[in-house]
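Shared between the two complexes below is chain A, which pairs with chain B and chain C, respectively.
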Partner chain A sequence: MTARRCRGSCPVRAARAASRSRIAGVLLVLGLFFLLPDGAWAARISELTETTFTGRAVRFFTLQDPSLRFALTGSVLLGICCGLMGSFLVVRKLALMSDALSHAVLPGVALGFLWTMKKDPLAIFLGATIAGLLGAGLVQALRHTTKHKEDAALGFVLASFFAVGACLVTMIQNLPEGNKSGLDKFMFGQAAALGPGDVQLLAVVTGLTLLVLGLFYKELLVTSFDAGFARSAGIPTQVFHYLLMLLLAFAIVSSLQAVGVVLVAAMLVIPAAAAYLLTDRFGWMLILSAVFGVTTGVVGSFLSFVGRNLPTGPLMVLSATAVFLGALFFGPRHGVLAKWWRRRSRSARIGRENLLKAMYHVLEQEGFRGETIPIRHLAEVRRESIEDVTRDLGRMQTHGLVSFTGDRRAVVFTPDGWKRACEIVRNHRLWELYLTHAANFAVDHVHEDAEKIEHILGEDTVRQLEKRLDYAHRDPHGRLIPGRADDYGKGPNVPKP
Partner chain B sequence: MNGLVPPFDFHRVVIEPWTTGFPLTIWIVLMGSLVGIACGLVGNYLLLRRMALVGDAISHSILPGLVVAFLIFRTVNTPVMFAGALLAGLLTVAIIEFIQRQTRVKVDAAICIAFTSLFALGVTLVSAAEAAGPVHIDAECVLFGEIALIPFDPPVVLGGLELGPPPVLRMAAVTLVLVLGILLFYKELLLTSFDPGLARAMGMKTTVWHYGLMTALSLVVVSAFESVGAILAVAMLIVPAMFAAQLSTHLPTRMVLTALHAVASAATGYHLSVWLECSAAAAMVVCGSVLFALAWGITALTRKTGWIDAPTPENSVRQSVAAPPGSGADQ
Partner chain C sequence: MTDAEIPLEVHDLSVAYHKKPVLYGIDVAVPAGKLVGIIGPNGAGKSTFIKAVMGLLPLAGGWVKIFGKPYRENCRRVGYVPQRESVDWDFPVNVMDVVLMGRYGRLRLGQRPGAKDREIARECLEKVHMLPYAKRQIGNLSGGQQQRVFLARALAQESDLYLMDEPFAGVDAATEAAIIALLQDLKNRGKTVLVVHHDLSSARDYFDMLMLLNMRLVKFGPTAEVFTPENLQTTYGGRLTILSEVVQSLGSQEK
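Then we have the complex of A and B:
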């Protein structure tokens, strides 16, 4: 609690904080500053008198406690800042850079502390940023001058910088002032202990990130997705890489106080990864990622506030994980369930189309003399039991492709079913013809390929194939290719069923 | 700044630890060396497979494993904790694989998501459990650990012969198991690391070897964390292996170099920590990093990558693959 006493009594710090607040105001984040309180603040969010859940919840939403206002403002800013930076990390495959840098800033934090001998946010910020940039530079140097791969370079920077930091921290703890340094808070963070200085630092960093993104969005986008093209277009990719690393170091250092060394990487990567699963546009990804960051920050603060003795940082990360899991399983396009459902419905459609084709073959064997297809006959062609075929046909009936005769021993095509059956058989035979004619396949090698492609060929491709093959009437095996007119029951090749 | 760096007193820093302080020094240096050797051996394979940071992930996700094991069995005895941490390590690997296979999220982000989520879960569980009663797990201890604070007393006595403190013996056993495993399965590990495609074509189950290696990794990290902490265990995994890779392209040579590096950094690191009065584990890693920097400097100045060994990379791989298992280690 040294920091609290100092904050109240130190006029230099108050003046410095005021000047920083002015800088931040210029950076379009004024709106958030009405939340900044002026008075005392509690050490932990949960040091409260209310004991019931609703009491605490009401207290959370009415923003009565100044400490809560700090913590919440800090969480919101942190969510925006980390969400934006994280998107770049995820698409540039630099996610682990955040982990390495967050550990690598530790010696900088310790040196920043040694500089002023107290926990001054600005000194620590400067020291940590320098350490972070040195770490990023060392990763590049290791990658370019040795044969070590990126993972080893990142791991080396992470571990060796952290070891130097751990040495310094244990040495500081031997000093008379060291015991009260509060440096251990940097490992896990304490959002509840965010002071005005920390929140203003976060605001400045967030404003700066927004400013850089606004000015150089196009360049950053091109550099991130196609570095080669960016270089050929004359964009200095190295400069933008280090600009991003600088912003990343800023984001990490200003978030350390709230979530700690280990979990900063989570706040950077998890919201962005969730956004990455939900959209294919980078602009939307930035917005979604920032929204997720803010949401998880607020939810984490809320849970920490209403729960007893629960830490804020880990709860923020767990809510981010919940969002990620939601996107992972329920995402509309790239979600696991959506993919599973697409695969399932595709295989169901292929099954239906194969049965339609078999029905067509039965009619063809009979020379299209009748319209009804006996289920018994169909089962023989499919080499399945009558029960299985009847069950499959039942499903086809619900799709409106076939209808049963009165005694349920035979089926007939509905107009839709006949149209689809003609299309599938045409696709198959056209493809066989194409492979033998245009690609010089042997006649007995084309069936397997056509079995697969018949379900995929689109209308346009079929038109092109027909044209390319001079509207041929017979496939390589001498069988008739149903023409388009047959779909409507008036074609010359096949009599109406 | 005054008093941060104590004056360098040759007698206190260099002589005393090996005379009056010998009983403590020998165990600390031995423990540091064993941790370095065990981690370094696995680290060599991680480096080859470009999986250095999976070690980082596993070392962090130990925490929830310890907490869940404690909450279920309500005990801090070693086998239970060990099993919980081991399972958590394997779970991390499985989660990483799941995210990487099922989605378009790349492996780096998958690693980051897996271990940070599990670590956050662990910290939250510790805090929640503390409300209900005392928990003998401290997240900070898992992260840092301290080699000088591990209990060296009482020593294990077998048949009237004083063998040594239990943690050191445990670490020695793990190292021995690891060395035996590598000698037995040298060829399989080599081939699945260098050319998984060929290994599959030859009928090897690459997934089995992958998970085998991950089990070994979890094992060494779990046994290392109480002495060096989770984060510095990553250093022990990566730095000796990187040092060896900088000087040699021949895997058996690298293994030997790894062990030498581990012993050298443990000894110098201990002296550094005596001088600066800082964490011994962190000082060992600092010394290890300095050794790597020296090796880096040598290769950069001489512009030669395989500084120690004679065989070219192509030859060494071909010879080792052709050799029968086990015999490759002493080429």
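Then we have the complex of A and C:
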């Protein structure tokens, strides 16, 4: 094999190796969790003795208790799993679906408990999954057989299933075996109540999610983006849709113990919504969303722990909300702060360019005889006070566009400033000419429009305009149009300061 | 001509939405290497026709053959350009990602696109003059550019039969000219292209053959023969209103 061919095939091999290592990694994680001995489950977190905040915080970070390790591992797995599934929900506009599904599982949780009469993770998982899928099926059935749209169907299923579940849970708690069932923890979640069985379940579900996403990323991507196209290309979109819904149900059900029925949908939607604000690539969105999920999971369980068993769900959701607000305000491209900053610098630039233009007009009135522009004169043209104009000119000096004369009563253009002034005046006059010539505007209608356009015309558009207007020399008011930036001083129509 | 050489053959095709018929008994056999325009008024079932051909909608009756076989077995030989409004342009993918999707149908389940697929996608982007935008998020493109991305994705499918749903909708004149040049090029390479088109005035210049559709197939044939005032009157005028009303009331009785 020649070196050239090797280079060509290396990316392919690298990709295969990467997918192999991805699968191996998933299996390793799965294996590790099955090896966790059940006996490691010792004292419940609520029985811990530290009473001060720092004492509890130290205990949290040193991971002394096995129970705490379970809570933390569970939160990490839950964060990954919910973050990944949530990304699909957000881009497919199914956020409400997750809310309905998470409420619909509650009767299943109760029935799973009644089946074994103890809090058996597997029984509850099965019951909840069946109830969830039943709810999802009912939504589909309502949509297809009645004239109701998805929102009404979701609202109906969410509320009615939840009501049934709430009644069942209350009934169970009135039973002799029920008052210690811990089922009340399913409402708002308690990471501290995660047992080894719960964590194993979370590990299996997270592993399964990673495996499916690793294997079928391209199918899931195209199904989410353009299902019609995907089907036309022979991809079984229905299969992938149901696979995704099944994984979603798994993610919700296995996270219930930690986050609770009421708020688990938020753990799906909020990290993904924050990631959506920060990136334009779906792969990165998945990764970011999982990272946010883990962060909020860990922070939530930490707060719940130091706050002496406050419900974990609301705390996780609050930390997720903090991440979302962070992305909303500080996102580098779409963030509120970045947008505000861009708007601010744009209006500052427009202000500078307008002042440059006014300076040009002053020189033009004098027939370009001198180079200095008296500030008093400029203030008259701008209808502003001398102090204001001097202050603005000071800012322009820091940008290297003008320099003051010795007595600070006048300014001259720097070469950069002169170039930019000519460009702005040229843009203005070219646009006026274009509007009157090509778009049949009346001469007295074009000034306002050109005032805005002059700041945003790119050089390419300017070249096109010049060509379209046969390299005209004068604007509709008969004034000279400054020449192209690169040949100042060459053409007959180019004034030189 | 044998069955396997006919890119698209449709027999007695009927499609209904909620029991209301949209297409009714369509028979057509499109010969290879032609540029075919599908013309008809709003709601005539033009988009429905190409979706039904690809099995995206359930058929109420009839059958479809692609190069002599059912669609499922020959779907790799079909390229599709959906309507631009059919997707969410805020979706977090860039231009290259979308064009690569054109290769997905040729890859095995679970197989990732490789270096060769990327090379083909780049060539297709170059053909529609969109290569400089490869890394751009698709929402930051003009309507014409978005349409060209969809076209590049279909080119990347390397198919023999192309079905395009309103590729000229909302594009600027320059893009329209570029697209039509591309379609001519496809035709010259022996491909067959079916285009849903709503602009009557340009239809005569663009297409070799026309399919005049208004719930029924009014006429199918070479443009010069089909583009007559009489046929257009049948397609666009009121002559078929009674048919559609009767069929609709039939549908609502069966509900």
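Criterion: the second predicted complex is superposed on the first by the 385 of 497 C-alpha atoms of A that agree within 3 Å, B and C clash if a C-alpha of one lies under 4 Å from a C-alpha of the other, contacts with A are read in each partner's own complex, and residues count from 1 in each chain.
Basically, a residue touches a chain if its C-beta (ideal position, glycine included) is under 8 Å from a C-beta of that chain, and two chains touch if they have at least 3 such contacts.
As the structure is a prediction and not an experimental result, all values here were calculated from the model.
Of the two partner chains, chain B is the only one that A:Leu318 touches; chain C does not reach it.
More residues of chain A lie in touch with B than with the remaining chain of the pair chain B and chain C.
Contacts of A:Leu154 after superposition on the shared chain: chain B is touched, whereas chain C is not.
In the superposition on chain A, contact is made by A:Leu263 with chain B only, not with chain C.
When the shared chain is aligned, chain B comes close enough to touch A:Thr146, but chain C does not.
Of the two partner chains placed by superposition, only chain C is touched by A:Phe225; chain B is not. Once the two complexes are overlaid on the shared chain, A:Val105 sits clear of chain B and of chain C alike. Contacts of A:Ile235 after superposition: chain C is touched, whereas chain B is not reached. In the superposition on chain A, no contact is made by A:Val411 with either chain B or chain C. Judged by the touch definition given at the top, the superposed model places A:Arg281 against chain C, while chain B stays out of reach.
The contact surfaces that chain B and chain C form on chain A in the two complexes overlap at residues 93, 276.
For chain A in complex with chain C, the touching residues are 8-9, 11-12, 15, 19, 91, 93, 215-219, 221-222, 224-226, 228-235, 276, 279-282, 284-285.
By the touch rule above, chain C contacts chain A in their complex via residues 51, 54-56, 72, 75-76, 78, 80, 82, 86-88, 91-94, 97-98, 101, 104-105, 107, 109-115, 137, 153, 157, 163.
Against chain B, in their complex, chain A makes its touches with residues 89-90, 93-96, 98-99, 103, 114, 117, 142, 145-149, 151-152, 154-156, 158-160, 162-164, 166-168, 170-172, 174-175, 184, 187-188, 262-263, 265-266, 269-270, 272-273, 276-277, 307-311, 313-315, 317-318, 321, 324, 328, 334, 336, 339.
By the touch criterion given at the top, residues 1, 3-5, 47, 50-53, 55-56, 60, 99, 102-106, 108-109, 111-113, 116-117, 119-121, 123-124, 127-128, 130-131, 139-140, 143-144, 231-232, 234-235, 237-239, 241-242, 245-246, 273, 276-279, 281-283, 285-286, 288-289, 292, 296, 299-300, 305 of chain B touch chain A in their complex.
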